[in-house]
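Structures follow.
The following pair of complexes shares a single chain, chain A, combined with chain B in the former and chain C in the latter.
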Partner chain A sequence: MSDLFLAYESLIAFVFINGLLALSVYATLSCGQLSLANAGFMAIGAYTGALITLRAPAVPFLAVLAASALLPAVVAVPLGLPVLRLRGVFLAIATVGFGEVVRLFFVNWDYTNGALGLVAIPQRTHLWTLVVVLALSLYLFGRLRGSRTGYALEAIREDETAARTMGIHTTAHKLSMLVLGAALAGLAGSLEAHHTFIVSPAGFGFGRVVDMLVQAVVGGTAAFYGPVVGAAFLTVLPELLRELGARLGLAPGPFRLFLNGAILLVVILYLPNGLVSLPARLRRRAREAA
Partner chain B sequence: MTLSLAGVSRAFGGVRAVDDATFTVGDAEVHGLIGPNGAGKTTLLNLISGLLQPTSGRIELDGERIDRLPPHRVARKGVARTYQNIRLFAGLSAVDNVVVGEHQRRRAAFWRRLCLFPSARREEQAAREAAEALLARVGMRERAALPASSFSYGEQRRVEIARALASQPTLLLLDEPTAGMNPNEAAAVARLVREVAREGRTVLLIEHNVRLVMELCHHVTVLNFGKVIARGTPAGIAQDPAVIAAYLGEGP
Partner chain C sequence: MGQQVLNGIFLGSIYALFAVGYTLVFGVLDILNLAHAAVFTLSAFIALALVDAGLSLWLALPAAVAAAGVIGIVLERIAFRPLRGRADSNISGLISSLAMATVFEAIALQIFGPDISRFPPDTFPDRVIRIGGATASLLQFCIVGISVVLMAVLTLLLARTRLGRQIRAVAESPRAARILGVDVNRAIAVAFFLSSALGGAAGVLFGLAFNSISPDVGRSVELKGLAVIILGGMGSVPGAVVAGFLLGLIEVFTVANLGSSFRDAVSFAVLFLVLVARPRGLFGQAATREA
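Then we have the complex of A and B:
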């Protein structure tokens, strides 16, 4: 049992890290905003954490994590104020642009070794750290649901104009969720950096935020835990099917992308509310059959 | 709550959708806003609720200027509204729609909920009960848990009125509240509007059902091509040659 655990410890860690990242995308999705800035926020958090740990090893890990969440959250405010005026695809495009700017900034910043990135970061992320952080984040979203703020977010997602004339400050709510998502993405980035020993700009490209989004959508965004379920599913499945991929003559990387794409397609076509809607759907089907 | 408009205009490009509108709606009055299609009635409601800013003129609530405020600030002054094309939150249940309507009179304090304080739970319970009571008032209590998208046109309008009342507004703006309703439903809405006015709330409503306007409204303002062409009591309006011309066309 413990052998098995050791063999898969890294995979389990990535289930939690990806779960946190999918939640960070869900934060803005929950009020109807498709923001794709989170790979950028993640990069800011990862570099912040890695730099503090490398340059000032005495700083406690909790403080490092707090800084890794805070800095992207602070950056999210001046980004959000102009771009949250945009709707739908325009917001998505503007935030993708932000993500690329952040990535290119780190590619060209000599202080962090440019495209090579930072290496030999001490491992400070433990599995229990990840469990605690994800559990606290899920608790936060769970309590948000059904609160006055939670209702306001749902109202904004459903009909922003109607929400505004009911006294809901839509900009403040949307900005808060962007900031929350940025903090979570930064936290996840820092946790990942202290788990994998390295940080490099290549890890924060457009593909990374697409992964987060696909995981959130596959899991389902109608429930706050859906994104975490989706992240777990899409992180574990390629590993389970690695053998199959090898037999098909596909390398693990391309095979994972192929699997992601195929699963996303199936879910969108046959299970538009994501994996978490599957139990209710099966129950209904059973009732109809009876 | 007294609403007054002074020289309010709104232009879209070269079109003056509302042109120099001046009128006053008295406290606890039911005021009708009528006029042919395209007269600028809904634009006027959008101007009052802050969704549009007037090109010129002033809109005041009890002497306080509101025409430069964003919609959520106008709502906090006590203005609530319904929409001609119904803007319920389709994915939410009827009762959740009304709970959202209570937004600005509820006390937030998310941290109390985060820390599982019992006071937060009690507050939520009270919000839900108030929402259910409002749904009972519009005859939708039994269907409170059903999604808004499952309702008929008339039912949706009733839920929307309940949602607007949830903020306990001092000025209620209704945009064709009885459109798509059968005569029984329309009569029920008329009763409700009268009750609401008796509670001391001011009501400004756009309505095409002439009989309803005659019965319900204390005063009527008539718009045509964005201009106020007549103001007065329903009986007076019905005799006004300009109004008759606007509705029936000029005689040969």
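Then we have the complex of A and C:
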């Protein structure tokens, strides 16, 4: 049992980290906005955490994590404020650009060793840390549902113009969710940095945010736990299918990429509410057949 | 100075060509096709494979462009048509185009590997032309020429032909177009063919110009394409042309004066400034048209 656990400890850790990242994308999706900046926020959090730990080892880990969540959240405000007043697609565009600029900033910054990144970061993330952080985040989103704010977010997602007519402050709500998503992404980045010992700009490319989005959408964005289910599914699946890919003569990188794209496509076309809606759907089908 | 202007025009012509296709689809469907950069990459690889197989560049270029157009039709069929009429098609279309981009990138990665591929050295005659104090290669001239001709053809096609009128009608209102007897699905498929063919042409020209093609080459133009369509005004073809050249010039002058690490920051700065100051861009219509 303990052998099995050790062999898969890293995989389990990534299930939690990816779950947190998928939730960070879900934050903006829950009010109908698509933000693709989360790899950038994640990078800011990861570098913040790694730099504090390396330069000031005495700072407690909790404070390091708080700083890693705070800085991206602060950065998200000036990014979101002008863009969120516009139609949804502008946020996607501005955030694609933002993510790329953050990555290039770290590539060009000598203080963090440019493209090589920071190495030998002490391991301070434990499995239980991840469990606690993810559980707290899920609790937060769970509480949001059914609350006044939760209903406001749903209204904005369904019809923004109508929501505004009803007196909901749409920009403030959308901005809060962007900031929350940025904080979660930064937190996840810092946790990952303290788990894998390294941070480098290559880990925060556009592919990373696509991964997060795929996991959130595949799991399902109609329920707050959907993104976590999706992250677990898509983190474990390539490991299970590795043998199959090798037998088909596909390299692991392209195979995983292809799997992600194909699954995302199938889900968005045929199962718009994601994997978590599958049981109810199957039950309904069974009832109709009977 | 003259040299910088020349370089800017050359770079700008590729950006414009790429962005024209981007903005065309947005104008018609109101959906951002995030797989456009992946088509750009695939087309560059197709041209490379054909040249490697012994074909002359002058045959490989149109073949790759046509292939890109066909990929565009497939893309529309798989990722966009099934979503039509769904309430959230704005976001779900973005996501499904992202899914297709991922699949395309996986295909390119599997077939051509992660490393940089290059055209054979004798693909294009290496000749230098002087204008005043500035120099440019024959290749650069051909690239500007081909881009300008393709964009002119597209403009004429949209303005003067029956097909162009149908596409513009669908862009205005799909329902009204259908009532007037336009085959909406066909018009959209044609728009995708044109858009992807132009994006593919930009990919081949970009590959020739910098002679380095890798599966993530599309990423580097994606941001520029987005900046161009925002600057030009979402959905405006003439806007994209002007903004493409403008961005090329701005970028060249920034790199010359501030250093090459600012190359990509320029696009983002342009994009962000336009969004803050004038979201409709240079040639766009109403700033936010809602519901």
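The rule we apply is simple: the second predicted complex is superposed on the first by the 290 of 290 C-alpha atoms of A that agree within 3 Å, B and C clash if a C-alpha of one lies under 4 Å from a C-alpha of the other, contacts with A are read in each partner's own complex, and residues count from 1 in each chain.
We adopt the following convention: a residue touches a chain if its C-beta (ideal position, glycine included) is under 8 Å from a C-beta of that chain, and two chains touch if they have at least 3 such contacts.
For clarity, every value in this text was computed on a predicted model and none was experimentally measured.
J.: Should A:94 be classified as contacting the first partner (chain B), the second (chain C), both, or neither?
T.: Second partner only, chain C.
J.: After the superposition on A, what does A:144 contact: first (chain B), second (chain C), both or neither?
T.: A:144 sits against chain B, while chain C stays out of touch.
J.: On chain A, which partner touches more residues: chain B or chain C?
T.: C
J.: Touch test for A:253: chain B only (first), chain C only (second), both, or neither?
T.: second
J.: May I ask you to decide whether A:32 touches chain B, chain C, both, or neither, giving the answer as first, second, both or neither?
T.: A:32 contacts chain C only, not chain B.
J.: Applying the touch criterion given at the start, work out whether A:169 contacts chain B, chain C, both or neither, answering first, second, both or neither.
T.: First partner only, chain B.
J.: Between chain B (first) and chain C (second), which, if any, makes contact with A:161: first, second, both or neither?
T.: It touches chain B and chain C both.
J.: Tell me which partner A:223 touches in the superposition: chain B (first), chain C (second), both or neither.
T.: Once the two structures are laid over each other on A, A:223 reaches no partner at all.
J.: Quick check on my understanding: which residues of chain A belong to both its chain B contact set and its chain C contact set?
T.: 159, 161
J.: Touching residues of chain A toward chain B in the complex: what are they?
T.: Touch residues, chain A against chain B: 140, 143-144, 146-149, 151-152, 154-155, 157-159, 161-170.
J.: Give the list of chain B residues in touch with chain A in this complex.
T.: Touching chain A: residues 49-51, 70-72, 74-76, 79-81, 83, 87-92, 96, 99-101, 103-104, 106-108, 110, 113-114, 120, 124, 127, 163, 167 of chain B.
J.: List the residues on chain A that touch chain C in their complex, please.
T.: So the residues of chain A touching chain C come out as 29, 32, 34, 82-83, 86-90, 92-94, 96-98, 100-101, 104, 108, 159-161, 205-206, 210, 213-214, 217, 250-251, 253-255, 257-258, 260-262, 264-265, 268-269, 272.
J.: Which residues of chain C touch chain A once you look at their complex with the stated criterion?
T.: 32, 78-79, 82-83, 86, 88, 90-92, 94-96, 98-103, 105-107, 109-110, 114, 216, 219, 222-223, 226-227, 230, 234, 261, 264-265, 267-268, 271-272, 275-276, 279, 287-288, 290-291
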